[in-house]
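See the structures that follow.
Same chain, two partners: subunit A is paired with subunit B first, then with subunit C.
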Partner chain A sequence: MAFFATFDLREPINRAVETLVERHGDRLHALNDLLLQGLLLPLERVLRQAPPWLVLLAVLLLAWRATGRWRVAATLTVACYLIGCFGLWDALMQTLALVLVATALAVLLGLPLGIAIAHSRRLRAVVLPVLDVMQTLPTFVYLIPAVMLFGLGKVPAILATVVYAICPLVRLTDLGLRQVDPEVQEAARSFGTTRWQLLLGVQLPLAWPSILAGVNQTVMMALAMVVVASMIGARGLGEEVLAGIQTLDVGRGLQAGLAIVLLAVVIDRVTQGFGRGRRPDGEPGARP
Partner chain B sequence: MFRPIVLPLLGLALTAAVAAAPASAASTASPWCQSGKPVKVAGLNWESGELLTELLKTVLEQGYGCRVELVPSTTITIEHALAQNDIQVVAEEWVGRSEIWNKAAAAGKVKGVGRVIVGASEGWYVPEYVVKGDAARKIRPVAPQLASVRDLPSYKQLFRDSEEPAKGRFLNCPSGWSCEGVNSQKLKAYGLTDSYVNFRTGSGAALDAAIASAYQRGQPVLFYYWAPTALMGKYRFVRLAEPAYNEACFATLTDRNHPKPCGSAAPEALIQTGVSRAFHDADPVLMGFLTRFNVPLPLLNAALAEMVERKDTPAEQARRFMTAHPEVWRDWVPQDVAERLGARR
Partner chain C sequence: MNGRIALRHVSKVYGADPRTALLLLAQGADKQRVQAETGQHVGLYDVSLSIPAGGIYAIMGLSGSGKSTLVRHINRLVEPSAGQVLIDGEDVLGFGAARLRELRRRRISMVFQHFGLLPHRSVLDNVAFGRRVRGESRRQAQEAARGWLARVGLSGHEHDYPDQLSGGMRQRVGLARALASDTDILLMDEPFSALDPLLRDDLQTQLLALQAELGKTIVFITHDVEEAFRLGQRIALLRDGRLVQEGEPEAVRQAPVDDYVARFLARVNGGSVPRSTGSARG
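Right, the complex of A and B next:
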């Protein structure tokens, strides 16, 4: 009678999650503690305990190194200083630690994956649709099971951020490697390079601008996840935004939102600066 | 601003006054709905709110022939919208718990009617197996002496916080909820700030997930919670004793900047149906229904647990409730409306 056949995923998924929590929940919670104590908390402690002027100086030098222009570097440093003026320095450092760890993990996983799918057509046919899913699946849908498995707070937040933010890096690494001029590769091979030498000495350097654009996009997407991450108890700027929204304190929410934007601009300019600086011909987009 | 103690009394007086009026007074046609205007009802996002909203919607639509629109949003936005008459009804309003409601009520823009839930509770809980153990699940009692918030400092290792392992973790409400401020003050009042991390859970879903995960794994967890909720119906929790309710002390808890709060349990919550002033004044017929709109707490807890157990939507659960408990909803409405509702079952 019904046009649609009944096909219900809810029960099996619920049962699977429940079993997973009962059987492996304790072990995964232990892994959560390990990641926290071993990686995230030390970094966060360093950032939060460092005197703000030192962090600002580091931003200044990094921005100068990346862009090569003092005025841009100074503007970016002032932007960070402004976040401190909002009274959000501590929250900023917590968010920065979260974004840095998430980005590091994304690069650690995404770069090899991007290289792998650039070299295997079959693997790419599998991985690309998976990336589509990772980018479009509403975050909260897998965030709550992640909380049940790993516990509240930063670790599930970072995992969710990696899932979401790794996609552009994989895609752009793949794209960059496949766009390396075949004649250049031919020439390198004719000199007898091994596959590893070809990858490290020719393909990766030539794909570098594209890869860094991927890293840039990854950081931006990680920042976009900050507010969502705060919905499972990760502290930082996201919590400020959330608290602002939930109490209809529009000013507080917007101010914290603005701080996230400022942080995004700073990181964006710095990573883009490095991408540009490393272009083989020194000029953005000038390659044929 | 209303003091929480005054409101329950007010509410009782109101309920008593209306209950005394004859049930089938005057006409049973709703002026608001007859004029063709839709009744906009807040789409609440917690379980009891969802179910009560569906029940209310069912009665308005099938009993009074109203056009009902659900407007989903967050509590605070809803209260604002209610004050502006952008929506007309909030099925479950915890009166006196939010600044926005208090201001709007003082200005006469919103009104609480009836007592939709009586006997709701809230406080600090641990799973029952933490205190008594659970032989069936082979869980031994890890804190048999734990009975009161005063005992908590000696149990901080049991509720260890993974980010600050030297302290215990107390799962508070998400930042921005009014209970978050009260609990933060309670941590101060009970002298727990040195031994416990005030962990704000970010969202109700995350709080639930953390509790459910701990319960399924048989692990100890300390959290703020409230009834009526599905988790309360599904799991067995023990509420930790707190100093008895004291108006002066509770005022130091609701003021999140008070430097020296003193401990007090929460007063019994006054939970009413919130309506906008315009709707209240325009429709005495529907007000007659709303003042009698109430689901007894044990029934409500059971219905919520069943809803979560069967993973049904609130609408499905409301339909089942209407079929199973005509004795409850027949009390809400005059005879002819009850007939119409009965005809649809």
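Right, the complex of A and C next:
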């Protein structure tokens, strides 16, 4: 009869998700509330209620601290100001809050994971293929399980973003740690360091440029994903783009797109600036 | 006096199955045959040495002779496949992790060929490293570090970073870092090999003066016969992971046990071979 055997995954998956939601619904709900009430909403409130000049001043100082150059810092601040001129300041703050929370979660999970796989070959053999899959999956596919477990809203958007954005951080943490000069580590061990002393005093500081390159990538990917995640209820600049598409208002969509690009440039410059590292004496940091 | 070191029948095989390799070696196989038959690399085989306290003991050999592996057995940066390592009569192989750390923190310190300095810390913090690791306050550790930096002639460079210093200065930082731990034993793995000959000469002089004053047990690894003879109160010669000869320099010079040793010593024997500084790197 039919050439293809019937092999349908839809039903089993649906049932598995249903049981998961039935059994652990309370816990998922609690996690949802924790992220929303404990992290995202307070941050969003602070950012949206703060006077824009204060936020711009913070951007200026942060950019100066990161790059060490006033002109770059001023340019980046003007870029943010421009987004405000588009009438998108509120959307910008919402997007920023989402990106910051997603990045914080990604760092919180990704850094330890990166450290773990740098120290265990076996774990790395398991984790790296999983990361490969996570990175190659089309971004929309992340949204489905997130929505299934948490419904529409900001939390599933954040979690989908974390899954997507965590990969480069894990990889670059692992890479950075494995590239630390073996003789320096041996010398440290010869003075009787504990594992923690070695990790915190030698390995992590020397892997720092690589780790911060990972953080930079993670923020950029989080920003990209936050736009996509507006389809499941993330607010902010992505929502504007989406609205532009849905109403065929090309101008509105592109303006919001431009705002996203400006935000991306600002975030990229700032995190890269920190990645270069500097010494107390103002000299560029030594690259191990 | 503290700081006696003894190695008893120490062997080190790098590979998955050291036992088979050791068995082959016991039957008289050499390093090359073990490599060919088991694919394992012999670092050391059946080395026994007694290093008296309070002197410089020079261990020489060409690259691949096992000298760097040997010195790392003393503070267990390398674990032997067989044998015992005794420090002041105690077998350090029986030490647990905590005692081993104490050993490295208070009784043995080490200087490395390529310095092994922390590039992200200032010279002062590098020298204070050993004391910080063992839990001293930053102020206390830095105070001691300042003193040792002055001793090696690097006052004024406290706040420089390693990459701002020349090779010779970096190695003096490495030396100060090791001295700052106030250990009885100082291990030095080809510390001056990466430096140019004039500088090497200066540092040798400085090391002799420090040793005379501090009376530490110094185990000095080198591929340079002249250096070994200049510094060592006793010397040992390794070849392919085995100890070939050991004794006071004069005795070794007078009576080399075989041709290999004789050829190795040609350079310091009666000046018949012109003095050369460009010896093979280890």
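Definition applied: the second predicted complex is superposed on the first by the 262 of 288 C-alpha atoms of A that agree within 3 Å, B and C clash if a C-alpha of one lies under 4 Å from a C-alpha of the other, contacts with A are read in each partner's own complex, and residues count from 1 in each chain.
Just so we're on the same page, contacts are C-beta pairs under 8 Å (C-beta built on N, C-alpha and C of every residue); 3 or more make two chains touch, one makes a residue touch a chain.
Not measured: the values here are computed from a predicted model.
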First, second, both or neither for A:P205, with subunit B first and subunit C second: second
Partner chain in contact with A:R189 - subunit B first, subunit C second, else both or neither: second
Which superposed partner A:L172 touches (first subunit B, second subunit C, both, neither): neither
Dominant contact partner of subunit A by residue count, subunit C or subunit B: B
A:Q197 touches, of subunit B and subunit C: first, second, both or neither? second
Doubly contacted subunit A residues - partners subunit C and subunit B: none
Interfacial residue positions of subunit A with respect to subunit C in the complex: 181, 183-184, 186-194, 197, 201-202, 205-206, 208, 279, 281, 283, 285-288
For the subunit B and subunit A complex, residues of the former touching the latter: 74, 76-77, 80, 100, 162-163, 165, 171, 174-177, 199-203, 205-206, 209-210, 212-213, 216-217, 219, 311
Contact footprint of subunit A on subunit C as seen in their complex: 75, 77, 100-106, 108-110, 112-120, 129-130, 132-134, 159, 161-163, 174, 181, 187
Sites on subunit A touched by subunit B in the complex: 10-11, 14, 18, 21-22, 25-26, 29, 32-33, 36-37, 41, 140, 143-145, 147-149, 151-154, 230-234, 239, 242-248
